[in-house]
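Following this line, the structures themselves.
Two complexes follow with subunit A in common, the first pairing it with subunit B and the second with subunit C.
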Partner chain A sequence: MNVVERRRLRLRLRDLAALSAFTAVGLSGSVPVWVSVLFVLAFAISMFDRRPLARQRAWAVVALLAVAVVLFGLAFKGALDLVVAAVSFAALVTAHRLVSEPSAATDQQALLASLLLIAGAAALSGEIWFAACLLAFGVFSCLHLGLSVVEGPVDRNEDLPMGPVFRQVSLGVGLALAGGVAFFVLFPRLSWNLASRRATPGLLGQSATGMSDRVRLGGGGDLKTRARIVLRARLQPDPKQDELDRYWVGRRFDVFDGREWHGSGVPVAASDFVHLTANDRRDTEQEIEVLPAYGARTLVALEHPVMFTRARATSASGTTATQLVHVPGEEVRFAAEAISYTYVAYSRPGTWMRDDEGERTRALALPTIDPRVAALAKTIVGTETDPLRRAHLVERWLKTSLSYSLELEGEVADPLTEFLFVRKSGHCEHFATALAVLLRTLDVPARITVGFFGGKRVDDRYLIRAGDAHAWVEAWVDDRGWVTLDATPESGRGSQPVALLAMLADLGDRIEEAWRSRVVDYSFIDQVQFVRNLVRPPERAEREGTSTTRAPVSVPWRGLASAGVGLVAYLVVRRFQRRERLHPAATFLARLEGQLAQLQVPRREGEPLEELTRRLTGERHPLAPPLEQATRRYLEARFGARPLPEAEQRRLLEALRAPAQLVR
Partner chain B sequence: MSVVTTLRERWRSRSRRWRAPRTLKATRVGRTYLVLTVGIGLGALNTGNNLLYLVLGFLLSIIVLSGVLSEWAIRDVRVRRLLPEGVYAGERFPLRYEVTRTDGRAFALKLGEGTGAIDGWAWVPYVTEGQPLVVRADATASRRGPVRLSTIEVSTYFPFGLFEKTRTLEVDDLLIVWPRRGFTCDPPAADGGRHVGDLGTSRQRDGGGDLLGLRELDPGEDARRIHWAKSASTGRLLKVEREREDRQQYTLSIDPTATLGDELDRECEETAALTHRLLADGHEVGLRSRGRAIRPSAGPGHERRLLTALAWVGYDDDAPERARP
Partner chain C sequence: MRPAPPDLLSKLATHLGDVVQGKPAQVRLALTCLVARGHLLLEDVPGVGKTTLAEGLARSFSLSFARVQFTADLLPSDILGAQVFKQAQGTFEFRKGPIFHQVVLADELNRAPPRTQSALLEAMAQGQVSLDGTTHDLPRPFSVIATQNPLDLSGTYPLPDSQLDRFLLRLSLGHLDAATEAQLLVARRADPLASFAPVADAADLVFLQEAADQVQVSKDVADYAVRLAAATRAHSDIERGVSTRAVLSLMSAARAVALWEGRDFVTPGDLRSLLVPALAHRLLLRSSSNGAFARDEAGHLLEELARQVPAPR
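== the complex of A and B ==
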């Protein structure tokens, strides 16, 4: 690779390192759009080898200073976060260096500014893509630096073998990453917490559920294909099922105007906990973590929630306790706006006995609807008079007579009539609306509930995806209370991702879960457990009959550790083998002596090669000239550090054969 | 040999190798890197942000790795000098090093002299085991005299250019630095009656030098210059004309009262310049200095001999036997 190609490669590596660092920040969604546009523009210009600021050094510096004054002025006024201002300025400095005249100093400044971007991204976001960006930045910047170092202080127009350089630097990068992980695991987690801040949801972590204060019929069901995790819950007692397949109640709507549902509850004063009814020991306790992708303030719990408490909200300024607002008959929501939340909920399976006449009355109200709807309801139930049986008949009819579909295009004037009599297909909101309205025409109080259906177990927690969002019906039956009815066919209840996407999303979930639990939430307690398990393996603890709370080391970790140990062992063995390996010249000597013996050259007992050569030269033996040459080359190779290639070895040995035939 | 003995020998050999002196210096970008690392570390400690700890771990492991890989690069390197016979003070000269790697590969090596008397360095981008590489440094010796080169500094910025690690190799050599070339004043008087050649001859073309031609002998001219064979063939007396040689012998001397230092250096520089001028004019030049004398002679080899003698003036006590002029 010549000097021009090497220079171009170096600049590409530098640009890619800078882009990786900026991506880490950009995906946090914190950087102003104009900064992103400027950076991407500078990157594109640099990739085309254009340096428009090479001769505008003074003006560029003045412009940067002006931007710095504006950014930090905004931060001082409180209009911009200080970290965001610093990161934006670092991004602009990096962009400036990309389109300046390339030199060793410019390249180094670009990488150092990129390092600031990486640090800023660590402060602004905690998503898995940060790891990918950090990895890319580490690889590209280390390769750039390694190449620059080998290139030397002066450009030399000579070819350099890039293979060994990249191998060595890549080994270095790999070891640096491994060392970084080791340091991360072992460095004591001591925190002063003077100015701690938490991550923002980021561009990829924006709201994905669409949980809002009303349900409007119409449109498709693209939400069902979204695979992002929105909730994580640890249940006590643990049901130990891979697929939970239970209803997670979010919000109830009881007022329907023919096109959309909305609630009618009136919020009560905020408090630290909300009791919906007296809880007892049989209730299922849920430690729930609401992720930024959830994008709403409504609390969610397994059916039927009886109590919410210990709510904590995480915002840009840190994690604090937050209060809860109860909207009777509708929802329980967080009082404060935040990025993510944690709370504890208690639920009791079965039916919901709370009897509120107002709720029942509202659950019977009907807007002006097509008379065919009421006629259909009567047709379905026939002569049945028991309200619960009537409800189940309608539920079964909807399930079996209509089909589930997410592909509903266009707005229609009367979505319910369209669903029941024209399209005869729809998604969960259509089924739930139809069931609720049909039941109301039969004087059975009914309302719809939105939330999630499902729950997939990963490690010891259940994950809820955005695609698990669902709507179903609660109908009031005297002596039974609010009974859950779901007219949506089973195939349409959970998330509906494409198979391949589902597999990838599942893999992504596992990685993200591992990232969050083992990296983002790694704590001093985890460190203590790690060290304790190193010192005292769990097998021993089990043998002694003591319990341990640590989960067993997973198979991938074991495999990784085994691979690491194997690699180290291989390197050590190879190192010692190389030490023991014969010198290449010694193998030539062995071949030469073998050939001399084969040619039956008379040799005295213990006579070294040099003496033999001297003696044959003195005797004017025909073999003396080629043997003298071979001996000289052997000595040069063995003690003069002048290599003896295989081809030359063969030539030297071949030269011995012709005179030997003459002798014969 | 038992395994234990082998391991012990290896350990001793390895510890000897590691005991060699090393110095570590942060480069400019390395210093900035360290400041950023400290800043990120403080940020991690302050906020408890695990991602900052992750970045910090990566940065710290880069620092550790820089130390390890740079040690690998400079560990198994052998260097020897390929010195010229002598060099002029204050002028660039090619100082060549032969670099040999005894094991593995080395990258980005910078070779320079440990002594301050010689500046300049050579760059080795890549050297591999068993393939010696000769590299050149554009070096400059600041002062006249014999310079004892005892150490070679092998430095590397490998792998990331954040630190410069230097290993000092003990390699003894002697470099003769001739006096600086420069201005010369008028030549002194030639040695009394010690001229060589035809300086006493009045005619320019009656010397004993190169053949200029033949011409008819004028009356009164020296008959010894007749070319008898040509004269016989032409029937006229032809005289051989040869160029007159103006060579004189000069014996230059160094002021015995000049003290070692700038004064003596200037004295030697003037003498060297004069020597060069006289030899270029075809004279024979000798040297007498502080009890040592070199007989007048001519030719490039003699000039080098004189320059070497001038280089040693004032340092004669340090001269090894073989190096004395």
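== the complex of A and C ==
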């Protein structure tokens, strides 16, 4: 590869490093759009090897300064977060460097500004994609720097075979990244979250659940295939199941107008906690984390929620306690708008006893509907009079007679009759609506509940995906309370990702979980724990089985540790083997050279002993005669098979010392 | 009683130094070449002492010496000899050409046409001459010292690489430094070669050659030579690296060099000191430069390789 191609390659690597850094920031969604546009433009121009700012040095600096004034003015006014302003400026500096005349200094400045971008991105987001960008930045910038170092001693006109160079440089990059990880794991430090200023959910973290304030029938159900995690819950007592097939209640709707459902509750004043029932017997405690992907403010808890408390909201200004708003009969929601939340919920399984005359009345109201619906209900129940059995009959009929489908395109005038009599297939909202309406025609109070069904265990927490969203029915039965009914066939309850997609999503979950627990939430305490576990293997974890606390050293970590030990052992063994392969005379050479260095004998770089001796002899150096003898004996021992006994070695080295004292 | 090889060699070098003044390194290499049973290629401008060196070498060992001036019309028979018809006896008789001497100076070798060049080069390779179905052995020891003028390329037939390969060493004498040149002007009266007496004989040369054969090569040094050769083959600026014959020649020259210091083994330093004279003329460079430029470039490349290839320690 000649000098021009090498230079182009280096610049490409530099640009890619800068792009990775900017992507880390850009994906956090906080950088102003015009900054992104300018950066991408500069990157594209640089990719075409055009440097329009190479000649416009002064103007470019003035423009940058002006931008800096504007950005920090905005920050001062409070219109822009200070970190965002700084990151935007760093992005513009990087962009400017990309389209300036490339030189060693320019490249380094571009990388330095990119490093600032990475630091800013760490504060603005901490998601797994930041890790990917960080990794890309690390690799590209290290390769660029490595190639720059290689470029130094290489002659301009020399062709450089890139294969071996890349092999060596990649080795260095691998070592550097591994060193970075080791530093991160072992060097005492504070938690990453202290610096966090997450202001927006990020471009990749947009809401995906559709937990809106109404349920509209019609349209397909692509939601079911979404694999993004929206909630994470740690349960106490731990059910210790891999698949937690339970209902997570979010919101109840009791008013149906023929096309869509909405709630009718009236909010009461916000408070720090919400009791949903006077009986506060708490059964299952859930520490729930709402991720940015959730995109709604409704609190979710296992069926049936009894109490919500300790809600905290994470927003631009940090994590603060937030109040809860109770809308009786409908939902409990966060008072403050934020990106993510945590709260604790208590639930009691079984039926829901809270009796409210108004709720029951509203759960019977019917819009004008096709008379065939009421007739159908009558046919299904036949002569049965018991409300609970009636409800179960309708539920079973729907489950067995109609099929589950997500492929429903287009809007129809009356989605319910269309579902029951024409298509005979639909998704959970159709089944729930049909069940509720059929029950209402039979004078059984019924309302629909929207939430999630499922929960997959990863480590010690249960994950809820966007695709787990579900709708079902609660029907009022005297003496029993609100009974949960679900007409949706089993196949349609949980999320339905494609098999491969599910596997990838699973892998992604595990990586993301590991990233959060091992990197973002990793703190000094975890470090101490980690080191302690390295020293003393944990017996506790095995005794307790999969306990609620984090398993101290998991199998991959143990594997990694043993691999590391193996590597060290291999290197040590190799080192000793190399020692053994050394010729016995080589140790004499090492001692001789050491002594020469100690005596400060002037020696040219890379000058072999023979040439040094010849030169000193020519210069009539006082050390020349003993050195000549030592060199000769070394050469004889090394290449002439005339061994050099230890005593003679010492004598030869001693002989060098005497004239040295004379020199001094 | 014959002196030890280093004494004999330094005596010869001092003696030769009287006629070829100011060139101790070249004299040393030329003697080494002879001891290694090699042929020597002197590449330099006219008038720097090429012929003097060649003749001095021959005379020091009291070897028979012939000089052939190569020209464009020189025929193989002018060198090798020819069958001459003896009228009186009515038979053909072989009359030996100048090649039947122990040291043959082929002056301006590249001026002769390829046919003549190859006749000489065959004799150099085989140590014998075949003419009309009869094989004539050349005298032993036998060495060819050829000279060529690298700058004056018009009207020459440059030696092909395969033929350059037959020369063990290539040297250029170069101009004298000012002091030596001035001293030469003051001191020089008559032709120094006229009064040049031998200090050794052919038997001494054979003795030295046999002594060189006894010099040992350890495996590490052999590996080093192989690594150096491999480096010339892998270098991106070198079209064709050195051949195995070249490595063999390098090692035989190194054996002769070891004699100078009375060693019976070869050191990496011996190889390094011979790298340029023994290998530079065998490299085919990728760059298009010719003549002296190519020579310098090849020398620089080899010096660079000597620095890069790690020597055994």
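In this text, the second predicted complex is superposed on the first by the 536 of 664 C-alpha atoms of A that agree within 3 Å, B and C clash if a C-alpha of one lies under 4 Å from a C-alpha of the other, contacts with A are read in each partner's own complex, and residues count from 1 in each chain.
In this section, contacts are C-beta pairs under 8 Å (C-beta built on N, C-alpha and C of every residue); 3 or more make two chains touch, one makes a residue touch a chain.
Keep in mind the model is a prediction, meaning the values are calculated, not measured.
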Contacts of A:Leu177 with subunit B and subunit C, given as first, second, both or neither: first
First (subunit B), second (subunit C), both or neither touched by A:Cys142: first
Touched partner set for A:Val458, first subunit B, second subunit C, both or neither: neither
Partner chain in contact with A:Glu610 - subunit B first, subunit C second, else both or neither: second
Of subunit C and subunit B, partner touching more subunit A residues: B
Partner chain(s) touched by A:Pro161 [first = subunit B, second = subunit C, both, neither]: both
Partner chain in contact with A:Leu635 - subunit B first, subunit C second, else both or neither: second
Subunit B versus subunit C as contact partner of A:Val40, first or second or both or neither: neither
Partner chain(s) touched by A:Leu406 [first = subunit B, second = subunit C, both, neither]: neither
On subunit A, positions contacted by subunit B and by subunit C: 158, 160-161, 641
List of subunit C residues in touch with subunit A within their complex: 216, 218, 220-221, 236-237, 261, 263-269, 272, 307, 311-313
Subunit B - residues contacting subunit A, complex: 10, 28-29, 32-33, 36, 39-40, 43, 45-62, 64-65, 68-69, 100, 103, 105, 107-108, 123, 125-126, 128, 130-132, 157-162
Residues on subunit A engaged by subunit C in the complex (per definition of touch): 158-161, 583, 586, 589, 606, 608, 610-611, 632, 635-636, 638-641
Contact footprint of subunit B on subunit A as seen in their complex: 108, 112, 115-116, 118-119, 121-123, 126, 130-131, 134, 138, 142, 145-146, 148-154, 156, 158, 160-161, 164-165, 168-169, 172, 175-184, 187, 189-197, 519-522, 578-579, 584, 641-643
